[in-house]
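Consider the two complexes below, in which subunit A is the common component and subunit B and subunit C are the respective partners.
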Partner chain A sequence: MDTENILEINSLNVYYNKKQHVLKDISFSMKKGEILGLVGESGCGKTTLAKAVLGMQRHYDGSISLDCPNPQMVFQDPYSSLNPSKKIGWILEEPMRMKKGKGRLNHTQRQEKVEEMLEKVGLDARIKEHYPSELSGGQRQRIAIAAALLCGTDFLIADEPVSALDVTIQSQIIRLLLKLHKEMGLSILFISHDLRVVYQMCDRVMIMRGGVILEQGYVDDIYKSPQSSYTKLLLEAANIIDF
Partner chain B sequence: MQIGKKYSKKKYSANLIIGLVITSIMLFLIILGFFYTPYDPTKMDSSAKLAAPSLSHLMGCDNFGRDIFSRVLKGMGNTFIIAFATVVIGVVSGVVIGAVTGYFGGWLDEVVMRINDVVFAFPSILLALVFISLFGTGKYNVVLALGIAFVPSFARIVRGEFIKYREMDYVKSARLAGVPHMRIIFVHILPNTMTVLLSSIMIGFNNAVLAEAGMSYLGIGVQPPDASLGSMLSEAQGYLFSAPNYAVFTGLMIILLVLGFSLLADGLKN
Partner chain C sequence: MRYVLKKLATTLITLLCISFLVYLAFDIIPGDAALASLGTDATPERIEAVREELGLNRPFMERYADWLTGFVRGDFGISYKYNVPVSEMILSKLPINVVMAVTAFIIMAGVSVPVGIYSAKHKGKGVDRLIIVVNQVMMSVPHFFMGILITYIFGLIFKIFTPGGFVSYETDLGGFILYMIFPCIAIALPKIAMSVKLLRGSCIEEAGKDYVRTAYSKGNNTSKVLYRHVLRNAMLPVITLWGMTLADMIVGSIVIEQVFNIPGIGRILLTSISYRDYPVVEAIIVLIALVVIVTNFCVDIIYQIVDPRISAQKNSLSK
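Right after this comes the complex of A and B.
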């Protein structure tokens, strides 16, 4: 694996129930500190690819090399990504409770880290005393991002993190992800079906359809001169053909 | 900072309040029965046989001249302990079996749940009867027999909840954060099943009270001279016309015990 890369996938095939061929011969790499967009219609295999990267797919062949011991994921639905029976403080402390040995923090240290992270994601420290049901969708998504980052990861998969939010909140979350990417040098695999959001967020983009990557390249190149007819169709549908 | 929702004052349902009042009174009487009864519940008095309710004997006396109120206090305690222990056995075993099979799924789930279905196919009272006929009568055998018979229903309820929750994103996040499976099961998921589990526990408790009463009524539960509501009701049926107070008060206590917990369960569910 190239030392500059954080993720390398070669000839990946994923199957459901050993029969249904979901991902077909997927190959790509991702540089450290890069934001890579993954675009495609619903059911094309975007989330399956994310799950394969995270080791959550059992039936696959090909190689997946990830240079990050604890990859994390931010999910699409902010309402199911936080445990409803626990307070925000407890949820954010949980990844740190799992640390063993020298890196283990006591309760006060964990609380300090939580407050620091809440500030980083633009939330007041008092929010840790609340339950998820008392928060808005945008606040929940910020908490989900904070929880992922408190695991100490430098690789994040964001699976349509803004598609369940309204437009103003969407832009706030995108700005937050970009800020964290800059400050912490995060590598982000950004999954979306919204080409405008991908244009704002990503350095490179991959277009996927029917479990196959149709094309990949720098965002400007793909948006200005798409090679596949499907990409052209997507850009037209999103009304951004003259970007 | 603005928090998404503001909650107004919580409103409690009438069922919850009535259930709580009835259950509190019944629990008070049960606890009272452990420490004090107006008369010795086993002491016979031939002069007071089938005596009607009076100031000296609030619920009257039974066919041996024993004070019914004292025996009801003692009997409720016995019935409550048996029902409580039954539910504890059923819930603890059912939660562990249901949680593990529901969370992990696969062949373990298939095998354990088929065994569960076999046990579930028999009515709990029939299963308990088989157990008692094999191991003999007595309070502890009744508890064990009913407890085992109650495991499948709790296991099924908990399994269903775990199947629902294991696919939630917060569970996937916990796995990614390296939280061990057992901690995810008992700390992350189990508290979320409490609403369903609590009302099932209440219903289970009621069924256990009725099952104990039924078994004692059939003469295979609590043995004389020890009192239990079921055995007292069984005795009372012979004197339904000569001393209806015996059956009425004993039956009323079973009804109130079950009704209190039923209303409480319904209130908690809402």
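Right after this comes the complex of A and C.
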């Protein structure tokens, strides 16, 4: 694996129930500190690919090399991504509480870390006393991002993190992800079906359809001169053919 | 606190309505205690005299108000048939039914939670399929028939207890416990099946949610995810079922008494119905309603403690 890369996938095939071929011959790599967009229609295999990267797929062949011990994921639905019966403070503290031996933080240190992270994602520290059901969608998504970062990860899979939010909140979350990417050198695999959001967020983009990557490259190149007819169709549908 | 007071007020109003409807129903049903005690051959004058004596000729609301104030004070009236205070009759038998229902409930909770979790954890495997099949069978068998089967298997074949040989707790506590285990199991088994099915489904549903994937990605193993994250959320529908089940068990214990020949409240109820001994029947029915309503009240309170979303919703609604 190239030391500059955080993720390398070669000839990946994923199957459901050993029969249904979901991902076909997927190969790509991702540089450290890069934001890679993954675009495609619903059911094309975006989330399956994300799960494969996280090691959540049983039936696959090919190779997945990830230079990150604890990859984290931010989900589309901010309502189901946080345990409803736990307070925000408990949720955010959990990975630190689980740490054993040297380097384990005491309660006060953990609280300080949580407050620090809440500030980083633009939330008031008092929010840790609340339950997820008492927060808005945008606040919950910020908490989900904070929870992922408190695991100490430098690789994040954002699976349609803004598609369940309204437009103003969407732009806040995108700005937050870009800020964290800049500050922490975070590598992000950004899954979306919104080409405008991908353009704002990503360095490179991959277009996926039917379990196959149709094309990949720098965002500007793909948006200006798409090679596949499907990409052209997507850009036309999004009304950004002359971006 | 406001919510608890509100719920308490609703509970009291519901109880009042039920007591009124029960009293009204027994007043409307043709035939009364005077007729029942004298028989159809009695002269109208004699029937009228007994009615006067029992106070049945007074206006309905006056009788209801008297009965209600007595009920609140714990005075349920005098049995027409046995001429003893109803409260004494019920109190002497109540411990048997309470022991039956509570023991059956403990058995149900103690068995269904680990089995439900185990089944969910091993979803699709042989053991899980076996549990599903056994559940299906147990759910389709009513508890009185389960009682007959248990009597046959453990009483007649294995001779662990003597069918019909009820031993009072006042004479032999050990014998009482040994005898009561079997009716309690008969009551609990169908409820265990329902509870396991619900908990299994609920655990599997919760396990598919994103917060569970997040919990795994934080480094939790399956057991930690199950007990720290999934179980509390999966228990919510089960708590509702348990609330209804506890009430059902009390009613079920009345039926199962007959199968195991236990001298509990059920026997008094059936005898009183056949003799039109209304003070006894009314008191037992209202007491059962009281248990059902109080159980539901407790479930609502527990639900609010277990699921913070409910209090959050209430707060946002009250704002």
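What to note about this one:
Definition applied: the second predicted complex is superposed on the first by the 243 of 243 C-alpha atoms of A that agree within 3 Å, B and C clash if a C-alpha of one lies under 4 Å from a C-alpha of the other, contacts with A are read in each partner's own complex, and residues count from 1 in each chain.
The rule we apply is simple: a contact is a pair of C-beta atoms (placed from the backbone, for glycine too) under 8 Å apart; a residue touches a chain by one contact, two chains touch by 3 or more.
Here the structure is a predicted model, which is why all the values come from computation and not from measurement.
Superposition of the two complexes onto subunit A shows a clash between subunit B and subunit C.
When the two complexes are superposed, the chain touching more residues of subunit A, out of subunit B and subunit C, is B.
In the superposed pair of complexes, A:54 makes contact with subunit B and with subunit C alike. Residue contacts after overlaying the shared chain place A:158 against neither subunit B nor subunit C. Of the two partner chains, both subunit B and subunit C are touched by A:147. In the superposition on chain A, A:22 contacts neither subunit B nor subunit C. Of the two partner chains placed by the overlay, only subunit B lies in contact with A:139; subunit C stays clear of it. When the two structures are aligned on the shared chain, A:123 is found in touch with subunit B, with no touch to subunit C. Shared contact residues of subunit A, touching subunit B in one structure and subunit C in the other: 54, 56, 70-73, 75, 77, 80-86, 94-95, 98, 133-134, 144, 147-148, 151.
Contact residues on subunit A toward subunit C in their complex (touch as defined above): 54, 56, 70-73, 75, 77, 80-86, 94-95, 98, 131, 133-134, 144, 147-148, 151. Put simply, subunit A touches subunit B in their complex at residues 54, 56, 70-73, 75, 77, 80-86, 91, 94-95, 98, 123-124, 126-127, 130, 133-136, 139, 144, 147-148, 151. Every residue of subunit B that touches subunit A in the complex is listed here, in rising order: 1, 3-5, 7, 168-170, 172-174, 176-180, 188, 191-192, 194. Partner subunit A is touched in their complex by these residues of subunit C: 209-211, 213-215, 217-220, 229, 232-233, 306-309, 312-313, 315.
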